[in-house]
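Have a look at this one.
Which chain is which? They are A, B, C, D, E and F, in the order written, and residues in each are numbered from 1.
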Amino acid sequence: MTETIRLGAVAAARPDTEIIAITPSWGPASVEGFYESFIAAASMLDSLTTYKGKFDGVVMAGFGEHGREGARELLDVPVVDITEAAGHMASLLGHRYGVVTTLDRATGQIEDSLRLAGLMDTCAAITSTGLGVLELEESEEKTERAFIEAGREAIKAGAEVLTLGCAGMSGLQIRMAKELGVPVVDGVGAAVKLVEGLVDLGLKTSKIRTYAYPLDKARPGWPVSEHKK
Amino acid sequence: MTETIRLGAVAAARPDTEIIAITPSWGPASVEGFYESFIAAASMLDSLTTYKGKFDGVVMAGFGEHGREGARELLDVPVVDITEAAGHMASLLGHRYGVVTTLDRATGQIEDSLRLAGLMDTCAAITSTGLGVLELEESEEKTERAFIEAGREAIKAGAEVLTLGCAGMSGLQIRMAKELGVPVVDGVGAAVKLVEGLVDLGLKTSKIRTYAYPLDKARPGWPVSEHKK
Amino acid sequence: MTETIRLGAVAAARPDTEIIAITPSWGPASVEGFYESFIAAASMLDSLTTYKGKFDGVVMAGFGEHGREGARELLDVPVVDITEAAGHMASLLGHRYGVVTTLDRATGQIEDSLRLAGLMDTCAAITSTGLGVLELEESEEKTERAFIEAGREAIKAGAEVLTLGCAGMSGLQIRMAKELGVPVVDGVGAAVKLVEGLVDLGLKTSKIRTYAYPLDKARPGWPVSEHKK
Amino acid sequence: MTETIRLGAVAAARPDTEIIAITPSWGPASVEGFYESFIAAASMLDSLTTYKGKFDGVVMAGFGEHGREGARELLDVPVVDITEAAGHMASLLGHRYGVVTTLDRATGQIEDSLRLAGLMDTCAAITSTGLGVLELEESEEKTERAFIEAGREAIKAGAEVLTLGCAGMSGLQIRMAKELGVPVVDGVGAAVKLVEGLVDLGLKTSKIRTYAYPLDKARPGWPVSEHKK
Amino acid sequence: MTETIRLGAVAAARPDTEIIAITPSWGPASVEGFYESFIAAASMLDSLTTYKGKFDGVVMAGFGEHGREGARELLDVPVVDITEAAGHMASLLGHRYGVVTTLDRATGQIEDSLRLAGLMDTCAAITSTGLGVLELEESEEKTERAFIEAGREAIKAGAEVLTLGCAGMSGLQIRMAKELGVPVVDGVGAAVKLVEGLVDLGLKTSKIRTYAYPLDKARPGWPVSEHKK
Amino acid sequence: MTETIRLGAVAAARPDTEIIAITPSWGPASVEGFYESFIAAASMLDSLTTYKGKFDGVVMAGFGEHGREGARELLDVPVVDITEAAGHMASLLGHRYGVVTTLDRATGQIEDSLRLAGLMDTCAAITSTGLGVLELEESEEKTERAFIEAGREAIKAGAEVLTLGCAGMSGLQIRMAKELGVPVVDGVGAAVKLVEGLVDLGLKTSKIRTYAYPLDKARPGWPVSEHKK
């Protein structure tokens, strides 16, 4: 999964942008629901806390997942989450956009994420394939057909642009766009471009209030990855 | 801190309600900001996942902190977060309510939490003491005066009821109410009463969509507390 | 009707809570629409003005009906209306809730009531049985089936929890919950628990602005019940 | 009071419009707060129910007062409340408008009324003179100065047009407009023009759902005015 | 088209109101979409800039079209756009209103216009006939049937009153109202009544901030109509 | 002015991005207010209609100005307006952002533009220097000090990031950021990066509904620039 996302990011990035893909060292391999999203958020923050390399910006590649505000506190380089990235880009391409995701249970979580990012005003609908996890794994073709169907439903509800409500499905946006006749935004690509843009402009996260650096204090057992050693 | 909160909960609870206070086994002792909030959310979910005892409901006692939706997924008993509990109760007592918290950096996080709970429509203001962590620890009297001042500011902005935007300050709500002449709601007490009420009515968390149980699958290194042993 | 509501309240109340049911002495026996709701609001305020007994809180048991703010002015004990009580409780149990009511004409009135209570953000739908008054009286079974159907419609529109949009149908919430697989909140029970909670916490209505006591002045012909004698 | 309002209505009306001023036969002479507003709403509906004359439309002349939806149910001729009338007219004259009222306690009630009428999006502020009832009666000059001061506050908060948040102060709008350099809308005049306009266009209240006629049934003791005889 | 609109305005106006209909001297004869709407806005402002006659108010008769705020800057007499006029009037006649327009592409533009006028809170739906321009011209009967169908859809979505989302179809509102059993507001008539009302009350556009007069400066090539000569 | 904006765009653009700056051939040289904004919108659309060269995307460089939706209809390449570009970028850098503009009269227009772009939810304040046009031209230093002061006001109102509410002041954002300690986004740079990003991703404007191509029909006198010849 991480490799697929990395390839999608590389495909979107400019030649002179280096993409470093990091997989959190603990927690669920994929995130379905709030419970796993909060675990993954901590694990992702663990990775960012312990990462020794240098980087100019962060793309958070879990659609509808938590943690972006924590990363903004920890770092000063731009942090862009694919959920909001797709929403910002889509808002420029049509009067209203829609999000198409896999599991029905994810729509509430995605709505929450968009609401906090201020992106529900231009969102016409969040639709899902209605497929379960097993069905999604069963057949790529079935999944694709289900995504196209859910896209149609979003368009009927007023969407003129779609965003792909998941990561790691690189290429699907192109096939959906072709079939449905609307632009389809992949959040990974959108986030890469937004980070590149912010870095080019020399813009960093504001540190004056909400995203001020974390306080310097003991946090027993944290980061988890270091305490497990 | 946990003990103070436990005492506040016991004071609010009915005689036949047993309060079991759980301190997460890893992570920050206190939460200031998003970074720590996301760590604490995972640690809290770890505690809920590994707890062997029985219970009828959960009070999440970190004001403005994350994780309530994850707990709702994991369990079917009612889960009530003190941020929303205080807001729901306060909405019944005045035309608009205000939240008074400690650090200025927390106001954005509290606003996010209330927004997702659907409680910003009746919220007139979220004000803070403007004191730093060190100042807050310096003198209880200074802190109390600062809270009263911040309460005044919220009232000026339209609040007719206040909620105490932090846990572990049991008793402060009574002194503030006396000084300012408005009801002041402590989230811990409010959440205890809401959980008692929901349990009495036999109401549990809906499992049909957003809060369906987490999928059954491997999550390497999780729960953290078990893997550290 | 009053007796049915009283029994529902007693069933929800703690053993040490005494329920006193009051029927307004004039006006419509049941309320359908705004015209009757405003009449009933005045009649209810008449009852509260002239009631000689003591009480610690008030449950207003007309779903979507007017007058709660007037009672909050008149008294300082907590006043909780079943419309808002059900909404507050339901908001804790699912991502979005729905209201199921009897007559189609009531949905606008209920929406107004929820909007003023700040409860429309988490409300996914207000649906009705579509039955007329006569049909509702015809057969309990038909009514129940219609409620279940309207509940299904609300769930399809995004509701994960339902509230029963009427009083005096005690027991229906249990059958609906069983049939639909979602929690169903009866406003009377919810309001009883909220009043009990507020009383336990020693919280009363704010008197500093909107709900300050009515001015002391002559109101010819008021209270109506005393002038009719 | 009724006479002053009648004169204001006559001044605004076209020569061929006949103004009939009705004072409710019971309840408070003036309305300050929710308690009195709900009593007055019932009394006003009583007057409309028992009035034997003919009329083409209704102006409800209590600013921020209840009952308009009840009157819309009872009748099919247009019913326009001065609160909303002033807001609709003011929205046409500036980017945002403000409301200036007498008592501080009334601002919440006015906000509720405007919110239900869909008029809060263009409302920048609701300010009050801060004077008590006694002070208001003390001196007309003092009241006028206080209104102008409250108008200034609303303008500072973004208002470019003002509405007079009370009835029976005919003429004040002209002096305020002169002093503050902004249009000031008197709700009575605005409502008269809106009713005239609706009547000219042959438009009546919709009867298909929310404002369908009240059901035909017994309402013991109602109308109050007939039962007192 | 201009003549049809003029006749509609005359029919709505009082006998002592003189209607002067102005057709912009350049640009599209009819407006379909944003591109033409912005051209027409400039052309309309050109007409207002160069018009030598006297007038007491302006009705802008392009439904969902741009420019009203520019006209408010240029003039001090009341400027009322038919989009907002219909919305204000309709808000007085039912709990929610709907807009029925011709082309599907226009719904977004109309929504924008209503949103800026603060009229989306009471708008339940904006529906369209779904017909293309050619089909609309083909047969009046077909168009009328399509309008009635779109009206039905809006009513199903919660509308209790309709507004006619186009100009120059005078009379259609009467046939729709008859067929659908709801009031249907024609924006031209509504705007005429609102301008008459504002003029009667001596109210003019606020000049203190947003609609202050345009600055006095050179604008090469403007007004276009004078430079073409 | 155009040259300054061009230089700002070039500074933000990647080396392989060619910037072509176009000045509309008629209308006001600078835009202050709605009247000029609507004229400039038509003139800008004229330029886009008659431009013979090739381009991959459009940056509309008038802050708070009209016409973006018209350009989206006319073209299929991405069209990004600096008002929304700055808002989208700023939303990624802080919890709330603020806009600082020159003239007080512009704040309403900017608010409208942001509202339609769905960017008011994360906007804490739109403040202005309060200076008149003449004062702005008087002294660069005075203007800069006024901008910094207005920035402080926005920060006090909750902004953690600022956007520069005007074009053609390249460099000011850097000095403001330094002085105020917050990121300051220049819309021109932000829009260039967003267009570059959209072009890289192969994304174009949706043509299925609101932004479908203008109909093919005669528009007498249009484009103005060709008819003047």
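Heads up, the rule we're going with is that a residue touches a chain if its C-beta (ideal position, glycine included) is under 8 Å from a C-beta of that chain, and two chains touch if they have at least 3 such contacts.
Model, not experiment: these values are computed from the prediction.
From chain C, which chain is the farthest off, judged by mean CA positions?
Ranked by distance of C-alpha centres from chain C, the top chain is F.
Over half shared numbers or under half: where do the identical copies chain A and chain F land at their interface, same or different?
same
Per the centroid of Cα atoms for each chain, what is the distance between chain A and chain E, given in Å?
Chain A and chain E have C-alpha centres separated by 42 Å.
From the C-alpha centre of chain E to that of chain F, how far is it in Å?
28
Listing for chain E: what residues touch at least two other chains?
95, 108, 209-211
Spell out the residues on chain B that touch chain C in their complex, using ranges where they run on.
Where chain B meets chain C, its residues are 12, 14, 78-80, 84, 88-89, 91-95, 117-122, 155, 160-161, 181-183, 185-186, 189-190, 193-194, 196-198, 200-201, 203-211.
Could you list, by residue number, the parts of chain F that touch chain E in their complex?
25-29, 32-39, 41-43, 45, 66-67, 69-70, 72-74, 104-105, 107-109, 112, 115-116, 133, 209-212, 214-215, 217-222, 224, 227-228
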